[in-house]
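In what follows, chain A forms one complex with chain B and a second complex with chain C.
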Partner chain A sequence: MKRRKLSPMRKWGWLFLGPVVIAFAIGFVWPFCQGIYLSFCKFTLIRDAKFNGISNYIDAFKDASFMHAFWYTALFAVVSLVLINVLAFTVAYLLTQGIRGSNIFRTVFFMPNLIGGIVLGYIWSMIFDGILSRLNTSILLETRYGFWGLIILMLWQQIGYMMIIYIAGLQAVPEDMLEAARIDGASKWQTLWRVTIPNVMPSITICVFLSLTNGFKLFDQNLALNGGGQPFQQMADGSVVKTTEMLALNIYNTFYGTNSAARGTAQAKAVIFFVLVAGLGLAQLAYTRKKEVQQ
Partner chain B sequence: MTKRRENALKAEKRRKAVMSVVLTVICIIYVLPVVSVAVNSFKQNTYVKTDTFALPNSETSAGFDNFIKGMTFGNYPFWKSVVYSFVITVASTALIVLFTSMAAWYIARVNSKFCKAVYYLCVFSMVVPFQMVMYTLSKTADTLKLNTPWTIPVVYLGFGAGLAIFMFVGFVKSIPLEIEEAASIDGCGPVKTFFSVVFPMLRPTMISVGILEIMWVWNDYLLPCLVLDLNKYRTIPIHIQYLKGSYGTVDLGATMALIFLSIVPVIVFYLLCQKYIIKGVAAGAVKG
Partner chain C sequence: MKKKLLVITLCLCMVVSLLAGCGKEGKGSVYWLNFKPESDEVLNQIAKMYTDETGVEVKIVTAASGTYSQTLTSEMDKSAAPTLFVIGNSAGVKTWGDYALDLKDTAVAKELSTDAYNLYDESGKLVSIGYCYECYGIIVNPDLLEKAGYKLDDIKNFAALKAAAEDIHARAAELGFDAFTSNDMDSSSSWRYTGHMINLDYYYEEKAAGKTWTECPDTITGAYVDNFRQLYDLCVNNSTVDRASLATGGHDAQSEFKTGKAVFYVQGSWEYSAVAETVPNATMIPYYCGVDGEENAGLNCGTENCWAVNSKASEADQKATLDFMYWCVTDPEASRLLVDSFGVMPYKQAAASTNGFLKASEDYSAKGCYVMDWATNYQPNVDDYRAAFVSALNQYNADPTDANWESVRTAIVDGWANQAALAKG
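Now for the complex of A and B:
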């Protein structure tokens, strides 16, 4: 029975799978494979690529700007992760307490998510420069302004997003558990820590990983708000480090900067970046799997 | 006893009212950035930086000059970038929803090695950052002439297929097979079964996927910037980046006018489809 049903379907496989497979090959598989190959080559154009082993990777790790971008990105990702999740959870918790106007608040908090990164960056650069120009400085002149400015921007954008996930989690907490805690005389605080939070652990895991990978992959906002990574800093060996440049932007600047001979290094950096981000993604998958088994 | 309970209830009510006020204040602060864009789009260039947080007055106001100037600003007509953004977003979303739902149904129903390979590759592609493929992808797209607004949807279909397939496959697996078996007993071929039976049932996921793709493609900057032929075609984010990122003096007033114009349709869209957007985002996020 099953075989007879499936065979006419397979005849149409080219129609159902064809478009996606072709586009997927063009848009992902081929560029990905070529990207891996080119990371072991010296090239300025794909045509003149010459194999040169792992020297691109050595160059990438020796590059002061790349290492700076790595630590800067890691710091940014961790700080934004903590702040986003604490604030988003607090907001979500308040909005599920039956406060008047909760729906309107939710609508407003989510709104910034629909505005694109480039536009967001320029909106906030206007606001920060409006404030900082009074102190005769600019967000492009000091690293700490650039860092905290980007943090504020990301909070404004991401709190609403994570809040939605937390609200979904909070609404799924079984009512009878909360009821039982109330009858047993637990305070609000105890109920929150002992009943609510353990029950929304899956949402917390998702949000933590999402904000971590978002932090690592950040590009548009970094490009727009920090003017491509300003301010610059001259290193002892004469090289220039852009102090607010994050990993994705560093890769972009290496690819499309003035030195086209560095494209091999840029592709190697991109592979390292991919391994890092994919590692985080897989860790999330493994972690959520484990949780699901336990439940 | 009842008195104590009454008091407790009253205190609870009061606390909620206070929270409501606090949240209202936070909400007002939350929309201020958008409001300040609107306000500053009516100011003359030099005053945007010095009087950012004041309303325009007779001295600083530029009337609608910024909007008129903005239309031809940066040696590129703004309306063109709006049209291209629109074309690319609509075409890409339509392609993705149609073709990935077809592929996902096939993958979920046919148990072959090839299907499994495609599925796992799609899942894998979700964790690959764009920077990994950006250079080679832009070269490939260039060679294949995918560098126009009418052909770039193919690139979006390729790079964006992962999440869409993942979401559709998850949903198809929850549809009972009996419905399709009944259709095939009634003499429907696979194509007819899909389009007249399965396709309508996929509506909720289609809306979620569609919303996620619209939000992604409309706001995307780097992919179209690297793939499109920028002398001829620019999308709204590319246009705005060119205005601000270019050398020489930047007309902040006109830039704010264009940013304002580009936010308004997005906010209208959001207010109209809010329910679906929030649902779609929640559905997409759970899977990462």
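Now for the complex of A and C:
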């Protein structure tokens, strides 16, 4: 029997796919599975993990600081999502109206994105404290300062990025549709709502998805700007809640806190965190996809 | 066929290059995960000396300030884990005790001149041995003090310290210097209060109960928290900067002291070499806080610098590490360098200390004063405990009322009970 000759693509495909698959397995799949396994273990070092059932998950849900971090993060994510997208879209819209110097504005607005989160956090904490110290207070002393400070920081950093995505979307709106709207006598406002926005829905999907997950996953800026979650609040039982601590930071603080018995708990929190972020992201994606128009 | 050969060769190359890092056994090597960033340079120098002398490889890695526990956790999980690391307090013994070799009867342990800085676990295993100890209190510039019209010998209690400090602060503009340096509460400096000065409460609690803690007590009474408040208030009210601006930090207390901008500086013996550059006769006085009989107080002496040897390391590496430790404390040149950086090493053959603050501590002891031991090493879940403490102090600094002080007290006393319960699990 004569064997059919494989196409070169079939034959050599594995050579091209292989490295990526291996890297993905080593760098993602394996740690991910191990992470899930560890969330059911008690351990100081990963290699000495001992299985202890679901008690880590019970501890995680009983932890007042985790629940606080969850609601605080949810609030932050919602507020930053709305503000970032409204402002980024506005800026993008203005910068596609053909005003002079658009490119310079775009570059300048995008630049904050190039600075790392930790550096940004420290820079902004100096700025805020420069102002707040005149009022004899500090961003580390009041939860609301910490919250709005972080929102301002994130807006400053993220608007430029989302703006670029929106600009791409706005430029892709078919000129003939806009022209047809103009001929039909639609006002600018009507054109925006009835023609432009439905056409940039794919960009909105991406941006909302990005800012929502960014909000939930926020870590560096939270660590640097809020001094690891200050101010702290003493609960009635003497336990401590770090009032500006978000989920990722809470997990980190639990894992590396001096209480080494809590490492498994931190791992369980991380798994819960993953389920939450993945679930939210998928739900949001499914919802906005429905609203997109086919061109 | 040719192509297949090529592919196989390429694959082999890849695998070989991956494995290149493995191997190398026999002589054993030392990997010291260092805890004190300020000693990094000296340690690397020592490591090179040792390698030149014996051919044994010594690797020094220094964890960034305040990240020792993170670094240790990730390093210990690697196949080439540290062979020499630090277990500095009872919480460390709990976490890392299982990974520590019993150092009893090792050559280096036999060189120790005192058992005071060693840590044992519940079964009596010698988990870690002190390689240096330190002291803290209030550093004084005697010249400036005299210029302001006060004598160091007259300051023997809180009342005298308060009178001097308040007077100097009031005349700061005229004198050209202030009483205390800045007392920042950011993470690079807050431990001077939440880790060190608060020791006065713990120590006097121990003393009142007539015992020395050997493990973290479930609760503390906070009987001397008001004494802590007196001294803390004195420091922040009579310093170079306004107390409301302490939360964010950014002041350089060491340089204020070195440049003669302040008389008093709350710090420890590790500052000696830096401070002595410009204030050679700087000395240290105890935390005078208004406790009865404090005229007989000495400095706070203790350590968190204790060597532990990794019990999971290969035997060759363990032996190499123990030999290296022995060499560090017996070789005249090496111990000279280490002592200059560490202050003092409590070993029979180690070089003598040149640290003025540790000498001050010895002078106090010679006069019959009591040493305040580092009860602070028993702080439960130390990071969380201190974090809450700092936060409460920040509120208090912004608005120094009695009500705000109560939340500081809660952080100290209730925070202890809560974290102690959590740490027990």
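Quick note on the criterion: the second predicted complex is superposed on the first by the 253 of 295 C-alpha atoms of A that agree within 3 Å, B and C clash if a C-alpha of one lies under 4 Å from a C-alpha of the other, contacts with A are read in each partner's own complex, and residues count from 1 in each chain.
To be clear about the criterion, a contact is a pair of C-beta atoms (placed from the backbone, for glycine too) under 8 Å apart; a residue touches a chain by one contact, two chains touch by 3 or more.
Note that the coordinates shown come from a computational prediction; the quantities given were computed from them, not determined experimentally.
When chain B and chain C are set side by side, the one touching more residues of chain A is B. Of the two partner chains placed by superposition, only chain C is touched by A:Thr137; chain B is not. Residue contacts after overlaying the shared chain place A:Cys41 against neither chain B nor chain C.
In the superposed pair of complexes, A:Ile206 makes contact with chain B only, with no contact to chain C.
Look at A:Asp129: by the touch rule set out above, it reaches both chain B and chain C. After overlaying the two complexes on the shared chain, residue contacts for A:Ala69 are found with neither chain B nor chain C. Of the two partner chains, chain B is the only one touched by A:Gly27; chain C is not. When both complexes are overlaid on chain A, the residue A:Lys242 reaches chain C alone and has no touch with chain B.
In the superposed model, A:Gly228 makes contact with both chain B and chain C. Overlap of the chain B and chain C interfaces on chain A comprises residues 15, 46, 125, 129, 133, 227-228. Listing the residues of chain A that touch chain B in their complex gives 5-6, 8-13, 15-17, 19-21, 23-32, 34-35, 38, 46, 94-95, 97-101, 104-119, 122-127, 129-131, 133, 156, 161, 164-165, 168, 206, 209-210, 217, 219-220, 223-224, 227-228, 248, 251-252, 255, 263, 266-267, 270-271, 273-274, 277-278, 281-282, 284-285.
Against chain A, in their complex, chain C makes its touches with residues 7, 69-70, 73, 76-77, 91, 94-96, 98-99, 186-187, 244-245, 247-248, 381-384, 387-388, 390-392, 394-395, 398, 407, 410-411, 414-415, 417-419, 422-423, 425. On chain B, the positions that touch chain A within their shared complex are 16-17, 19-20, 23-24, 27, 30-31, 33-34, 36-37, 40, 48-50, 52-53, 95, 99-100, 102-103, 105-107, 109-110, 112, 114-115, 118, 121-122, 125-137, 139-141, 144, 146, 154-162, 165, 181, 184, 189-191, 194, 215, 218-222, 236-237, 240-241, 244-245, 252, 255-256, 259, 262-263, 266-267, 269-271, 274, 277-278, 281-282, 285-286, 288.
Those residues of chain A that touch chain C in the complex are listed here as 15, 44-48, 125, 129, 133, 136-141, 227-232, 234, 237-240, 242, 253, 256-261.
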